[in-house]
Amino acid sequence: MPLARPPSHDCSKVKRPHKSRDTRTRLARFRVASLVAALAVVLASCSGSGPQTALNPEGPIARTIDDLWQLVFILATVVFVIVQVGLFYAVFRYRARKNDDTEPVQVHGNTPIEILWTIIPALILASIGYPIVKGIFDVRAVAEGPDVLQVQVTGHQWWWEFEYIDLVGPDGRTLVTANELYIPEDTEVNLTMTSSAVIHSFWVPVLNGKRDVVPNRVSNLTLIADNPTPPDQPHPGQCAEYCGLAHADMRFKVHVRNQADFDAWVEDQLTPAVVPTEGAAAAGFEAFNTCVACHNATVSGPDGIEDIGPVRTIEVDGVTFTSSLAPNLAHFGSRGTFGAGTFENTREHLAQWLANPADLKPMLPELNDIPNGRILGMPNFNLSEDDINNLIALLEGWK
Amino acid sequence: MTSQSAPVEVHDHHDIKPIRKAAMWVFLGSECMFFGSMIATFLLYRNETADGPGAEIFDIPFTSASSFILLMSSLTMVLAHNAFENRDPRATRIWLLATAMLGTTFLAGQVFEFTEFVHKGLTLSTSSFGSAFYMLTGFHGAHVAIGVLMLMTMFYLSFSGRLFDDRGLNVELVGLYWHFVDIVWIVIFTVVYLLQV
Amino acid sequence: MAETAHRAHPSPSTYWVIAGILAVVTAIEIAVPSISALDPVKVPLLWALAAVKFFAVVGFFMHLRYEKKLYRTLFFFGVFGVFPLFIVVLLTFNAL
Amino acid sequence: MVLDTSKDLVPAQPTGIWSWITTVDHKRIGMMYGVTALVAFFIAGLEALFIRLQLATPNGTILSADAYNQLFTMHGLTMLLVVVMPVGAAFMNYFIPLHIGARDVAFPRANAFSYWLFLGATIMLLSSFVLGGAPDGGWFGYAPLSTQLEEFVRMDYYAIGAQLLGIASIMASANFIATVFTMRAPGMTLMRIPVFTWMAVVVSFLLIFSLPIFGVGLFQMYFDRNFGTQFFSGGGDPLLWQHLFWLFGHPEVYVLILPAMGIVSEIIPVFSRKPLFGYPFVVFSGIAIGFMGFGVWAHHMYTAGLGPVAEAGFGIATMLIAVPTGVKIFNWIGTMWGGKVRFELPMLFSIGFVSLFVIGGLSGVTHSVVPSDYQQHDSYYVVAHFHYVLFGGGVFGFVAGAYYWFPKWTGRFLDKRMGLWHFWLMLLGFNLTFAPMHILGLNGMPRRTYRYGEGLGWEFWNQVATVGSFIIGVSFLIFAWNLIKSRKNGVEAGPDPWDGRTLEWSISSPPPVHNFDEIPIVEHVDDFWHRKYATDEEGRAVRMTDVTGGTLVETDTGGDGSHEEEDMHMPSPSYYPLVAATGITTVGYGLIYAPGAGWVVAGIGTLITMWGVFGWSLEPVTRDEHHD
């Protein structure tokens, strides 16, 4: 990163001009402290690291934001250096010295200087006004047109529901999934978002800034990703607006695929899950009857294709959102994670979850009020070990 | 605390009257923000009736009458203040009582109006409109009630001859408060009633 | 305070006159919504009439016209401060 | 606090617990504010240490999600409303009358009431931990999360507790405004008031006009929770709460920082031995910050969906606040420039304030770059920003004030050695704790999360921050020990230990009950300095020779004959403020548990309140008592 240097200049400047003996120890302490401060700023600027960072954009919108950040960071660093150097110069140059009992000249002020240091900052700020306003309109522009992939997002406590309203299967069902968003590369994706109960915020730092997801309101966010992600390294995202008990565990993943892979994924997802007829999975489907009080799935069984489980919608400002009570499980086995992107989708985790969900993720199922649509987590159904194994067999099989 | 002989003090510099009035006026400015927030809430929700009753249930002639009563209580209040300034306990007492009566009449009208509206299906929880309406007019009513209480306190003091003592509360301050409650209603009457029908 | 002199409070006859004006304005206010010819200007007109009553009470009954400038400043911070704030709030809701 | 009553100052200082309970002396009330806030500071600090322990490692298990959510909510709520604001109130109570040459505040009993109600609300908020759980909706209490779980009383504690704190603050603010505008000593024109008192005025205006808005929001939250109203749910709009909250919450930010700026503006001139550079500019920039602070509330809502036009408007307005803030910083540097900077403890903390506040201010400017804020909002970058402003700014400023004025409160210095340890440890710990949070936030770590997964690259800096937070903790233990020890055993300071500039240094330490033997007549900004020093032809300060011993300086106004000899009237002590405050707090507890048995408690509380209020206003007055 090019921004690493200026702050360290600052501390070397602080060190240089002052050598008098009685202040040496103080200087040493100042050096340590200002070194720490400066170091922190340096590292803040150049350590864009980790998969959830806002400093390594993976798409043009995030890059627009990052460019603005770089601009203002450089400006802020310059101002920081000037002011701190001025401050510490004044402090040390004009420190009271021993054997000097003269009094300073009693200066009360200087109007031209005051006006100068009012106007100069105002001008500096005015100079970044235009890029800021342009940036706002660029980032906030709602993607429109036939090539835009439309996804409707519903925030729940504490998971995400995605409905691809234009991706419709032969049976007329739209593609609905939870917590793992798949998007094609280099394509504008328009998220139309609302919430079922409380405010959430949708945030994938590498693709865009965050946008609140507000009940009774519709908000939009555009995602564009440069490159496909490896299957096991999707872009992590997270709810960024405090939304209650399990806010920290309301995460999600964004998988970017090239167009062909994306189309293949869509086809898979639009295919109903098959009702197993034998083995543990079949027994698991029996046990699944408990789950469909909240969860749902589109399955193809002996009676043909049917939707099981409650499917609910909410309408906000003329937009109809799918708002299920719990994640759709028809393709659970294809997901890398569960529990709102928090736990790797492994047998061990799943067994632990089914044995007692609140053990893994904090929830308040005892306050669920299903008729009024208030769902605050999955209860412990005290499933037997067999039930758990059978359910795992079922769910792992639903790719 | 007993006072003892002490060095010179510039005592008369701080007459308590203007100090109290300054505090009262800044408090009333603060109350403007309080009622302004509720009026803005009402304006935001004026059409959010959730298929329940809305502004059409207002009885403008009735509310006009009670608004007029509250408006006239400002006249009796200022006459009470005038009598107080003239140190006329009897006239002060009469006008204070008249003001309190007018205020009570207004409150009675509000209670009647609320009862009517509830019968017509508008409650606190019917809709955002109902919530905003009752909160705004209800808090105003509470202010009137506190005002009546203060007027009656003054009325009581006028019998014990302590009306003109210099204490925390006096007729002038009660008057400022009372007039303020009146001017808030002037705005509420316009915004909530007249502009919505 | 530097400013000590203030005008004498008005006499009761002034109060009665103001009360009369308030009554008349109230009557006009109540009439306005029922006159359909006034519909286009109804909103600003009613706001203006309310303002007349508001400042009549504040100025005469509350004696603000006759008192120290300090009181006016303190009070008007609230009165005139509340408008821009909530106009902006309502604008962001597209509620104006 | 021990006051020396041996001097023949009148009236005598009363002693004993009862004298504290019934006190209406602004100095004692200020002390009580300070002590209460300091205790709350240690509680809120302890909460922060638990939070830091939990976050030291990925998937931390020290706290449950539930406990964590309560702790971070209470940490914010306590620090802002029960620590920093009251510390400001403590300094204001103590020094406004001294700065303007008054005997007390305008309404001593209302002042006592403000304190007791503040104390009641504080106890109420803290008691929630053991009475059904502390508020857990964040200090901003965003609806409809805050109105969602009506089963719990937690957010009722928030709604009522904050409401009571608000009432207390409104009363205190009206009191300060009335005091400053009507009770200044002769000659103390508005442009001669010390900067701290000016900032107190700005703060009082901010509070008195912003708190009622918050109050309405809190009532709406309370009604939504308890009476089924639909302000934020149903047909209501959750963004209404955000507007009402931030219309208060943003001015509140300046309420927290302006007193600290005022304190630093007092300290820097004293220890630079120069007048404040550009006094009128510093005052007017404070007023400008106050005004602009009212116009930028929505910059907390950039991600909420206001629309690009509003976002652009508020973005520009927010940037503009940097201008008056910059003016203050430049003027502080200008004050030191060409002076004789003495590295006494108050000055060290003030230099720390300026330096750290610059960082916080600049990271604030990065927030005004709205698209950039789409990333930074609700991330640890914001946490870093406001701690640099409120801790690096506010707390450093207040601690500077404590070292500066401790000699005035007690007549003794705080120990310098311990103070130096405090300063350096606090500076180190502070930067270790909060500087890494910039990095964490930019790397995507959101706020208010009780745990985070591995592999996100957040482990190292979280560990650093945790270590730093414990260093801060140690530094404040040293401070507390210093306060306790130096109160009785500190080096004696005398009335004017720093060669001060403002009126409080012209009277004894601690000050007598009546503050001034005679009300001073003021001729200059920094009037006390001008009584001690003249300037030579070069403009250098020259100590006047007729000053007696450098201690108490006699004013020459006693004999001018224009003031008649009169008894000194001090307000009588009263327990009614405590009764009234107890009553209101009881009503508050009742409302929290309403409807139901809560109504009974609220009814009892109402009766107690009426007893207090009527007793207060009808209390037979001593004839010579002229205060309310």
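A, B, C and D label the chains in the order they appear, each numbered from 1.
Here is the rule we go by: a contact is a pair of C-beta atoms (placed from the backbone, for glycine too) under 8 Å apart; a residue touches a chain by one contact, two chains touch by 3 or more.
Keep in mind the model is a prediction, meaning the values are calculated, not measured.
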Taking the mean of all protein CA atoms as the centre, name the chain whose own CA mean is closest to it. D
Please state whether C-D or B-D has more C-beta contact pairs across its interface. B-D
Suppose each chain is reduced to the average of its Cα coordinates; what separation in Å results between chain A and chain D? 35
Mind checking the centre-to-centre distance between chain B and chain D? Centres are C-alpha means, answer in whole Å. 33
Whole-Å separation of chain centres (CA-atom averages), chain A against chain C: 50
By the touch rule stated above, which residues of chain B touch at least two different other chains? 18, 22, 26, 29-31, 33, 36-37, 44
Going by residue number, chain C touches two or more other chains at 1, 70, 74, 77-78, 81, 85, 89, 93
Touching at least 2 other chains, the residues of chain A are none
Draw the chains as points, connect those that touch, then say whether the picture is a line, ring, star, complete or other. other
Name, in rising order, each residue of chain B that touches chain C in their complex. 18, 21-22, 25-26, 28-33, 36-37, 39-40, 43-44, 60-61, 64, 67-68, 71-72, 74-75, 77-79, 82, 85, 175-176, 179-180, 182-183, 186-187, 189-191, 194-195, 197
Any idea which chain D residues touch chain C in the complex? 177, 181-182, 189, 205, 209, 213, 237, 239-240, 243, 247, 294, 298, 306-307, 310
Considering only the defined contacts, which chain D positions touch chain A in the complex? 64-66, 69, 137-138, 142, 144-145, 148-149, 151, 233, 235-239, 272-275, 277-281, 303-305, 307-308, 311-312, 315-316, 319-320, 322-323, 326-327, 329-331, 333-334, 336-343, 351, 354-355, 358-359, 362-363, 365-366, 368-379, 424, 427-428, 431-432, 435-436, 438-439, 442-453, 455-458, 533, 535, 538-542
In the complex, chain C touches chain B at residues 1, 9, 11-12, 15-16, 18-19, 22-23, 26, 29-30, 32-33, 42-43, 46-47, 49-50, 53-54, 57-58, 60-62, 67-68, 70-71, 74-79, 81-83, 85-86, 89-90, 93, 95-96
Of all residues in chain A, which touch chain D in the complex? 26, 29, 32-33, 36-37, 40-41, 43-44, 47-55, 62, 64-65, 68-69, 71-73, 76, 79-80, 83-84, 86-88, 90-91, 94-96, 100, 102-110, 113-114, 117-118, 121-122, 125, 128-129, 132-133, 135-140, 197-199, 201, 203, 205, 208-212, 214-217, 219, 236, 238-249, 251, 342, 362, 364, 367
